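Letters A, B, C, D and E mark the chains in the order given here, with residues in each chain numbered from 1 onward.
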Amino acid sequence: KGRKGTTGPGTTPEITKVSVRMKWFFAGTMTGWFAGKEEGIFKQHGIDLTINPGGPDNNSVKLVAAGTDLFGVAGADEVLLGRAKGIPVVAIGVLFKESPICFIAKEAKGVRTPADWAGKTVEVSYGSNAEVEYRALVAKFNVQNIKEVPYTFNLIPFIEDKVDVSVAYRMDQVVTLQRKGIALSIITAKEHGINPYGDVVITTEKTLQERPELVRQFMSAVVESQRWAIQHTSVAVEHLVSQTGSTLKADNEGAVWQATVPFLVADGGAEAIGVMSTGRWNETATILVDYAKLDPTTDVKKAFVNIIAAK
Amino acid sequence: MRRVLPAVAFIVLVLAVWEGVVKLFHVPEYLLPAPSIVLHRLVGMNSVLLAHTSITAMESALGFALGTVFGILLAVAFVHSRTMEMGVYPYAIALKTVPIVAIAPLLIVWFGNGILPKVIVSAIISFFPVVVNTTKGLRNVDAEAFDLFDSMSASRRQVFFKLRVPSSLPYLFAALRISSTLAVIGAIVGEFSGADRGLGFFIMISSHRLETVDMFVGILLSSLLGILFFYSVALIERLVIPWGRGKIGEAG
Amino acid sequence: MRRVLPAVAFIVLVLAVWEGVVKLFHVPEYLLPAPSIVLHRLVGMNSVLLAHTSITAMESALGFALGTVFGILLAVAFVHSRTMEMGVYPYAIALKTVPIVAIAPLLIVWFGNGILPKVIVSAIISFFPVVVNTTKGLRNVDAEAFDLFDSMSASRRQVFFKLRVPSSLPYLFAALRISSTLAVIGAIVGEFSGADRGLGFFIMISSHRLETVDMFVGILLSSLLGILFFYSVALIERLVIPWGRGKIGEAG
Amino acid sequence: MAPAQREQLIKRFERDSLTPPRSNDMNSEQNRKESTGQTGEPLAIQFRQFCLAYRGPKGKPLLQVLQDVSLSIRPGEFITIVGPSGCGKTTLLRVVAGLLVQEEDDVVITGSLRVFDMAPLEAKRQRTFAFTFQNPVLLPWRTVRQNVALPLEITHESETPDSQQIDAMLSMVGIGDFSCSMSAQLSGGMQQRVNLARALVQEPRILLMDEPFGSLDEVTRERLNFELLRIHRLKKQTILFVTHNLTEAALLADRVLVLSKRPSTIREVLPIGLPEERTDDTLLSPEFLAHVRRVRDVFTREETAT
Amino acid sequence: MAPAQREQLIKRFERDSLTPPRSNDMNSEQNRKESTGQTGEPLAIQFRQFCLAYRGPKGKPLLQVLQDVSLSIRPGEFITIVGPSGCGKTTLLRVVAGLLVQEEDDVVITGSLRVFDMAPLEAKRQRTFAFTFQNPVLLPWRTVRQNVALPLEITHESETPDSQQIDAMLSMVGIGDFSCSMSAQLSGGMQQRVNLARALVQEPRILLMDEPFGSLDEVTRERLNFELLRIHRLKKQTILFVTHNLTEAALLADRVLVLSKRPSTIREVLPIGLPEERTDDTLLSPEFLAHVRRVRDVFTREETAT
């Protein structure tokens, strides 16, 4: 598919059909993607975009590697761990320059630092980057006596006080909870010096090698779309809602999108959206070597290509 | 009228108790919304829900049809060849026991993003009862009737269509009742892992957003869909096996 | 020996084709590992897997037992009271069609983090075929035999235990075959939404960690568990309904 | 089983009989006018202008089966019923037994039917009847013995019914050797005999027998005829006995009921004026042969079955 | 259906008969020695030192049913079989029809059995037999008419068998009015007549009949006896006919086979030397009555059933 994308310069750019696989169910965090699609930003870059949903069972790394989707959104951790297992995916841009993961407790429980987890019931999302950051914090604070229970991707046990501490996306569940009037105390890994990359945009080594122009066009469109959505919040969110079967609520997703923006513009502001640095990738890798059994010999440099910076 | 009265009475009872419990113990809405609220919401968002429901209905119907056809074919093969049965049955069970959620990405890789993977999940989940019951039914032939056909030296084909098939219908329809609801489940489970429409998608998003009322609306609709499928099968059964109606207890 | 030969032959065939396809088309391991690699891994990690498998087996067995008992009781109630059936059947279907994944968190809130919610999911999934088939079976009584009991003015209890129950056994066992594998699915689905042990946990965590080989080991084990449950039921059936063995086709 | 032992069992069975012998003497009653309660004891069965029709499938007319049947049967009487195939004999027995009632089945009934002055349903509830069906209806999951034990389990609500009584019955009908076989392994005639044994162990007040000896050879049939007469002399049950064998009909009966073809009315009720004790010799007596001839005459005056 | 119309249908059925009348004359053959191929034509059925036993449940001894049966039946012969209940008559028919074979069933067979010089299984494959089973075995999902049509559908592999032939058959057995009823709505005797009709439409070379008239009244039975004889005269099938009615046995047969009680041997084969055309008068002729008496004598010499 999309062989037409390799047309030479000079001719009018033909439209290439391309799909991208999200990391999760459609939500306000993805407002930029839908806005870019609906505003014709991807079209302008010669791309007819299909946005596919992810979910807890749907691994975007696998689907991109298998060629089902040309591009995808995945955690930086997944890229490194996948490459260590021989999965030939590469990051071609970053979305969340800080980890979106945080650890929440109800305000009244007085959980201020990881040290307060001692003796508490904590939801652990086994096998995810959330577990990595959790282990790192537990190690750093040498916390004992935590009662770990499995995370259910659902907030009800937390709200019902079946657990004291849960894991959440800073811009997603936290916003949802706060809008429901639940006061939270939030712990992030970053405030304790552990700061890996969050979600990144990926493709395969093969695509990168064979269709570099398409990849460049795509990333340009991604960055432009995010910028546009940051500037036109309410219209962007309406695009999101209308394109997802009117299931999402504009007010909630608008708040989510607003909470997402700081993660996009960290490390250099709106000018540097999508641009990655070797230092941050190395930092990410170190954490994974320590807490996710990442093979230390993994070549981090090969895991990402700074399409945007190269422009 | 007489036939639906008990069902209506029962639901009214259940809803009343539910409503009462919610009101009495101040159960928060995000945990368990009162039925009055759920129904009110349901009425208020007709068109969106209709779209989701009809997609799921279509996936379920296709999956049910596919699963049934495949299940019947497999049962027929089993009845015709013991070797086939010995060889394949364990793998039909194995296929059935594979956690769909685990192979969802594979299904998307193989069958794309449209409704096909959902239809296939629905078919996989619903084919198994058909295999088991139909195999049993096709075997559960009256020995004397079999002798009758044998004495006429009926071909296997004839024994099959004129004796085994009619004998197996009560079993087949019991299976279809089971499968019809499984097919709905299958479609919804299929939608949980990677869909951008359908009731499964709606339920997932609502659950994720703590829109518990919406989630209950979605659950309610999927249950209604299951009930609709079930009673459609029951209705067809009445038309197809009129002679079975004389059985004891069907009337009383 | 003769009985397992076809199964062994078939699996060898399937594995050979699978291995061939993987090798021939260079299917990457993270997508679909070759069976040789899966088996090799399986052999290498005995003790860990044994623990996970036995937990899931226990949950499935409890869920199966619970679902079966509950299903039988409901079927009995239906057969005794048409009003009961009319009233409750639709809600049994509705319960069955509720997407478990959607209510799994509620189950955890109500039943805690232990094996109980998994057992309950397993029971909910497996009770329905028992209800449907057993209801059918208890009704599927020979009209003349019923007249015989009626002429002796047998009590409902006696008709039930001495006539309906034996008549329904073939249906019941067909249901148990279906439910036995559903129970395993149920336990695994229950584990998917919140567990720290069991095959469902193992599969999910392997999937998250992109350990596709491990995931396939987990899937393989869950299938084996399903097969084990299924054939245990089949074995019990042989012991319990010896008179059914004369039926046509069971022998051939 | 040795013959002596068998005899002993049968004796025991007779001694242990629960029903006390009734006091009515057939012969003296034979000439009295039939009416209710003349003897103070209610009639066993009484039909008055009884009509029965099956409702067919929708749109089809009713199938009138019994038409204006009026008949009084005294306790202890042995009535045999003959009639063309399909005329309604089985229907008659079923309606007496309370197995066919207007409220539950697709039939239309008019007229009245009382059993010991009760509605048939009530009589059934009091376990008045034992029924030998035209098909043996043996339960395939029970052995021969367990099939015969069934009514005892049901009436005594016990799981271990008196085994000697059952053994006696099984050996009387000549299938003692097969008591542990499954019923599918019996021949047609053997199944019919099990069916008979199962009805007899019930010791009912009214015995309804639908062609019980239809698939037995003449010798076995004759032997069982005399056994049945012997038991009847002893227990004085009221018996309705459907048969196609006119000799049998005359041999067994106090009265022979001849039905016409459908819609069935009572063509004639023929009293058989023979001594109650009937033997091999009865069969050859000119008196008996005259009776048989009369039954045959009435019967063949009927056209053949419809 | 009007009688005239009925007659016409029956005529048509006879004219359209597929089997050409065979040339052997029963009476002249009656006195010849039995042996294979003496007339050049193979024997219809030949048993030589045939023994059959059922294997019981494990641990129990074999149940010897047929013992040293030797018998030759010429094509076109009408053999009736009598014997005590449970002696093995049904078993004999089943083994001839190829429904009971050592390889597939739990039986032990020794000796030889040939049907038209073929193994029974082969003969079955060539559609040599029609079988009326002791139970009518009607398919509950078919109407009466569809039940009778079944063999035609099967042998002609057509879904629309000749309807006039079926109608003729149904009215011959006297259930024309019920042709659209479901079989559960028929009386026992009516079901048996459907069973008979279903066998006759097959027009087989060998007709195996297991007590086909057991639950019919005397008048209907007699009428059907004569119908059967008429059809046999016309089509010259070979018939094995099991019955418990000794008069019937003598009336129908070229030869009556009397079996002993189990383990069953051939007690005697009684040739019935009557003219082939038998009528109502035959039943009263002293010659015939002498035959019946002989059959009864041989039969009752046997002890009763086991």
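By our rule, a residue touches a chain if its C-beta (ideal position, glycine included) is under 8 Å from a C-beta of that chain, and two chains touch if they have at least 3 such contacts.
Quick caveat: nothing in here was measured; it's all calculated off a predicted structure.
Shared contact partners of subunit C and subunit E comprise B, D.
Traced through touching neighbours, the fewest hops from subunit A to subunit B number 1. The greatest number of inter-chain C-beta pairs in contact is found between B-C. The distance from the centre of subunit C to the centre of subunit D, each centre being the mean of the chain's C-alpha atoms, comes to 51 Å.
With each centre defined as the average position of its C-alpha atoms, the distance from subunit D to subunit E rounds to 30 Å. Measuring from the averaged C-alpha position of subunit A to that of subunit D gives a distance of 86 Å.
Centre-to-centre separation of subunit A and subunit C, using mean CA positions: 38 Å. Residue positions of subunit A with contacts to 2 or more other chains are 57, 59, 62, 66, 153-154, 156, 160.
Under the contact definition stated at the top, the residues of subunit D that touch 2 or more other chains are 135, 184.
For subunit C, residues that reach two or more other chains under the stated contact definition are 31, 105-106, 109, 142-143, 204, 207, 246, 252. Residues of subunit E that touch subunit B in their complex: 94, 97-99, 124-127, 129-131, 133, 135, 137, 139-141, 150-151, 153-155, 157, 182, 184, 202, 208.
Taken together, the subunit C residues at the contact with subunit D in this complex read 142, 144-145, 147-155, 158, 162-163, 166, 241, 243, 246.
Across the complex, subunit D is touched by residues 54, 56, 82-86, 88-90, 134-135, 174-175, 177, 181, 185-190, 193, 210-211, 214-221, 223, 244-246, 296, 299-300, 302, 304-306 of subunit E. Across the complex, subunit C meets subunit B through its residues 3-7, 9-11, 14, 31-32, 79, 82-91, 93-99, 101-103, 105-106, 109, 128-129, 132-133, 136, 138-143, 146, 164, 170-171, 174, 177-178, 181, 184-185, 188-189, 192, 200, 203-204, 207, 215, 218-219, 222-227, 230-231, 246-250, 252. Listing the residues of subunit A that touch subunit C in their complex gives 57, 59, 61-62, 65-66, 78, 81-82, 85-87, 124, 126-128, 148-154, 156-157, 160, 162.
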